[in-house]
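Read through the structure below, which is laid out as structure tokens, and then see the notes.
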Amino acid sequence: MIIPLQYNLRYLRTRWTGTLITAVTFGLVVAVFVIVMALAQGLDRAFVTTGDPLNLLIMRPGVQSEMQSSVSIDRYQIIRTLKGIATGADGEPIVAPEVLVVVNKPKLPDGGKSNLQVRGIDLKTLELRPQVRIVEGRMYEPGLREVIASRLVSKRFQGFRLGDTPIFGGGTWTVVGLFDGAGTAYDSEVWCDYEELQQEFDRRGGYSTVVARATDPAAAAALARTIDEDPRLKLEVKTEVQYYSEQTETSRPLKLFGTFLATVMAIGACFAGMNTMYGNVASRAKEIGTLRVLGYTPFSIVLCFVFESVLLALIGGIFGCLVSLPMNWVTTGTTNFQTFSEVVFQFAVTPRLMTIALGFAVVMGVVGGLLPAVSAARRPIIDCLSKV
Amino acid sequence: MSESPKEKVVAARNLSKIFPHGGEDVVALDKIDIDIYKGEFVALMGPSGSGKSTLLHIVAGIDRPTSGELEVLGDPIADLSESQLSTWRNHHVGFVFQSFNLIPVLTAQENVEMPLLLTSLNKKERREHVETVLRIVGLTDRMTHYPRQLSGGQEQRVAIARALVGDPDLILADEPTGDLDAHSAEEIMTVLQKLNEDHGKTVIMVTHDPRTAHYSSITRHLDKGKMLPVGEPGSQE
Amino acid sequence: MTYHTFIRKNALRNKRRTALTVLSVGFSLFLLITLQTVLSTLLNPRETEESALRIAVRHSVGLTQMLPISYQAKLEKVPHVKAAMPMQWFGGQYIEPKNFFANFSVGHEQFFDMFPEFEFSDGAEDAFMKERIAAIVGDALMEKFGWSVGDRITLLGAIFPVDLEFRIVGSYAHESNDSAFYFRHDYLEESMSDWGMVGTYWLMADSAEAVPGIIDAVDSQFRNTAYETKSETESAFQLTFVSMLGNVQLLIGSISIVVVFTMLLVAGSTMAMTIRERLREVAILKAIGYPRRVVLGLVLGEAATVSLMGSVVACGLSLALASTDVARATGGFVEKIDPGPVVLAAALGIGIMIGLVSALFPAVQASGMSINEAMRRLE
């Protein structure tokens, strides 16, 4: 026999101050958890969504990031001739060299300097990375000192608005377009013609990496093997997905921090929840006795109070999720210590994260409510009834 | 009244108390006049709602009159501020409740000591005072017991000791035997009588029990907020 | 009996509730102490006599850009510079990437003068001078991997395209920074076929007063050259790293505020519950002549006592954490969480404040209630 839900709801409403305080306590714990985890997830997402399983990133063996890699021009030429590479609209294989440099630029609003990644690309790169779209202005003109910057970069760094003329590597460049990287790592970058960048930074000898697009997953695997085994190349191949998921290592301390925070706060909140529930149980002793006389089993009493506690925690959890939702529109940055350049990303309060947070709230509710509920059910009926 | 002029302990003129209740005013005390003299043992009687407890509370400085003049022990207590009134109560009045109202976490001795913490007495002096009053109420053998280890009569005797420990001029008791069996009630009344006769304390007691009222020297009756003339018994009990 | 006895007895009246409140406040306060300790360790790198004399010189663009090895001679000639040492983050991996630890190449001739606070094992210095593949390893790291002097270790190059084999010739002890691996820069230089570059130079000034002058002299000497420098004190150099993490201060600061607020809520709701049950006593105390401020004091005293107990629990937890190996759990990100007496004292203070603030509202309400009202509320 189960005590109806109405009963719990009425009670929570009657003792609304206690309910509110406890729910807010649970809610704040959930909010802190969600926000820190959203930070970690946003960072992960910037990397994970960047990769395409058909894109092969070809680098010097043993390096941790594109930045440290170098590939000579003659090897690039060999790669172009390999089998399994998709063909572009112009009938040429989709293989693009990329040149990466880091420049140190003042940030908005305080002018503190941060490293910014500049990627020299070939126009073919756009076929490799269709998620990148120009949203304002136009594409750069090959052979000119023109750059396109991500919209997030133009908001976070000084001198990267449309029409600005940033100086790097000694030359003056013009921002002719802004792009949207759809939450990928490219949102932290500035792009320009690779040949211009090679000249500016005296990298004529080679590229940083070469990216090739395979026709299909099987061809991608075959192509990777071919490159690995080719004695002329001595290069290492990773799919972009593989490469970028290795970069998520950056968020590991954050996740650890978030878990630690949430755990310690949850322990504190569970004790507080227990207090509230013991209070609720004590003030309802007479009713518990009455319900028992009416024939409710001790188990249904336990269920009733655990349920009430879970309900309380869930209200808090929902409150916590709602409070943290606006964080979705906040942009922040950290440094990828493998490239020493800034990663710009948005907090990601995902439905999955909110589900985990609510589950977490339910656990807090059960832990906080179980002991008081058991104590309510175990008290002899006569004690309950005589208690004033 | 030609004997040596006795000291007035309570002097009330036109004393009224009106409680607002659900939009309507309930008159608890209706222009009451009463004089109580030092050394008297007054029983205030009347049916419930007659205003006897309200009068006692006002005299004790626990509640305030709506209008009228009131002097207790020569002080115009209706005009005192809340904190002056606290100190006044501590110095001049001992209050005994129907339901004892001991503090459950403290022993008998500690309960009695509570009012003395507010005074400048040192530990030793406080202890002597506590022992003296516990001797008066006959509970020296129960000093370290907690309220739940005492009988109702014993609890009330501790409460009386607490009321007495500050050596007040006036002891006020609100249905002191209301929660007790006949035998315990007798004990309590004997103690109050002893305080009045042997220690010269003025005692004002509210009761609805004629047997209890019997211990007093003067009995006054209230009905519907009015004081009945001396000697006239209450219409019904 | 005294007021204290009364407060203590009251605080322990509902033992379960008090215990739960103490634990709740304790855990939250423990978190606050931990957060603040981490934040202050990050933001205030410990300045010692030795570190105040050290200056880091790097390329003005950033740590990924290198400086020529030829700068060493020029830096040594700058007035008040006692020693100039090349130092390079090698970023080598031991067997697999998760065995992360700091490993640097250093100028072997200056190394021992540069870090006078390190206590080197016997014979370490001589061996390091003589043997090109020599390495000196911090005690904590030696222990972590079970290495001993004489062992041969290979680090796989991640940033550099070379794998280097070393022989451990000695160890060093230091109270906080004893998990790094140092080897000779000339060995790296040679393995990279006379590379000719290095990431940073570390300078040792002859006095703390000379430091600002050296920084100016070095940076202006190389201004408008192909390799401009950026020089800063050791603590400023460390802060650069922290600022690269992002807005740590804002994150930890706002979380701390939420934690304090949670504690206030928890303590406040418990005190409200307690005081509601205590109304009868408030009435009794007032009836026997207790003035409002004493009643208020007793209630607040009880709240402060409970939260102080919570603070003690928090300090206990913090001290327990201080004695655990935090460095391993965080992958070397945080070396140690040791709050120190000042933070602990502050935590005790905050604990008491939380008790007082949380109880203030219900206590004022209860103590201001008239005796009749308080008695009626009980029914």
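Letters A, B and C name the chains as they come in the text, with residue numbers starting at 1 for each one.
Criterion: a contact is a pair of C-beta atoms (placed from the backbone, for glycine too) under 8 Å apart; a residue touches a chain by one contact, two chains touch by 3 or more.
The structure displayed is predicted, hence computed values, not measured ones.
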Central subunit by CA centre of mass proxy:
C
Between which chains do we find the greatest number of C-beta pairs in contact?
A-C
Taking each chain's mean CA coordinate, chain A and chain C are separated, in whole Å, by 26
Please tell me the distance, in whole Å, between the geometric centres of chain A and chain B computed from their C-alpha atoms.
72
Approximately how many whole Å separate the CA-defined centres of chain B and chain C?
64
Where on chain C does chain B make contact in their complex?
1-3, 5-6, 9-10, 12-13, 280-281, 283-294, 370-372
Which chain B residues qualify as touching chain C in the complex?
57, 60, 62-63, 82-83, 86-91, 93-95, 97, 101, 103-106, 109-110, 113-115, 117-118, 162-163, 166
What residues on chain C touch chain A, complex-wise?
16-17, 20-21, 23-28, 30-31, 34, 60-64, 91, 156-159, 161, 243-247, 251, 255, 258-259, 261-263, 265-266, 268-270, 272-273, 329-331, 333
For the complex, give me every residue of chain A touching chain C.
17-18, 21-22, 24-25, 28-29, 31-32, 36, 39, 60-64, 67-68, 102-104, 112, 114-115, 252-253, 256, 261, 264-265, 267-269, 271-272, 274-276, 278-279, 332-335, 337, 339-340, 342
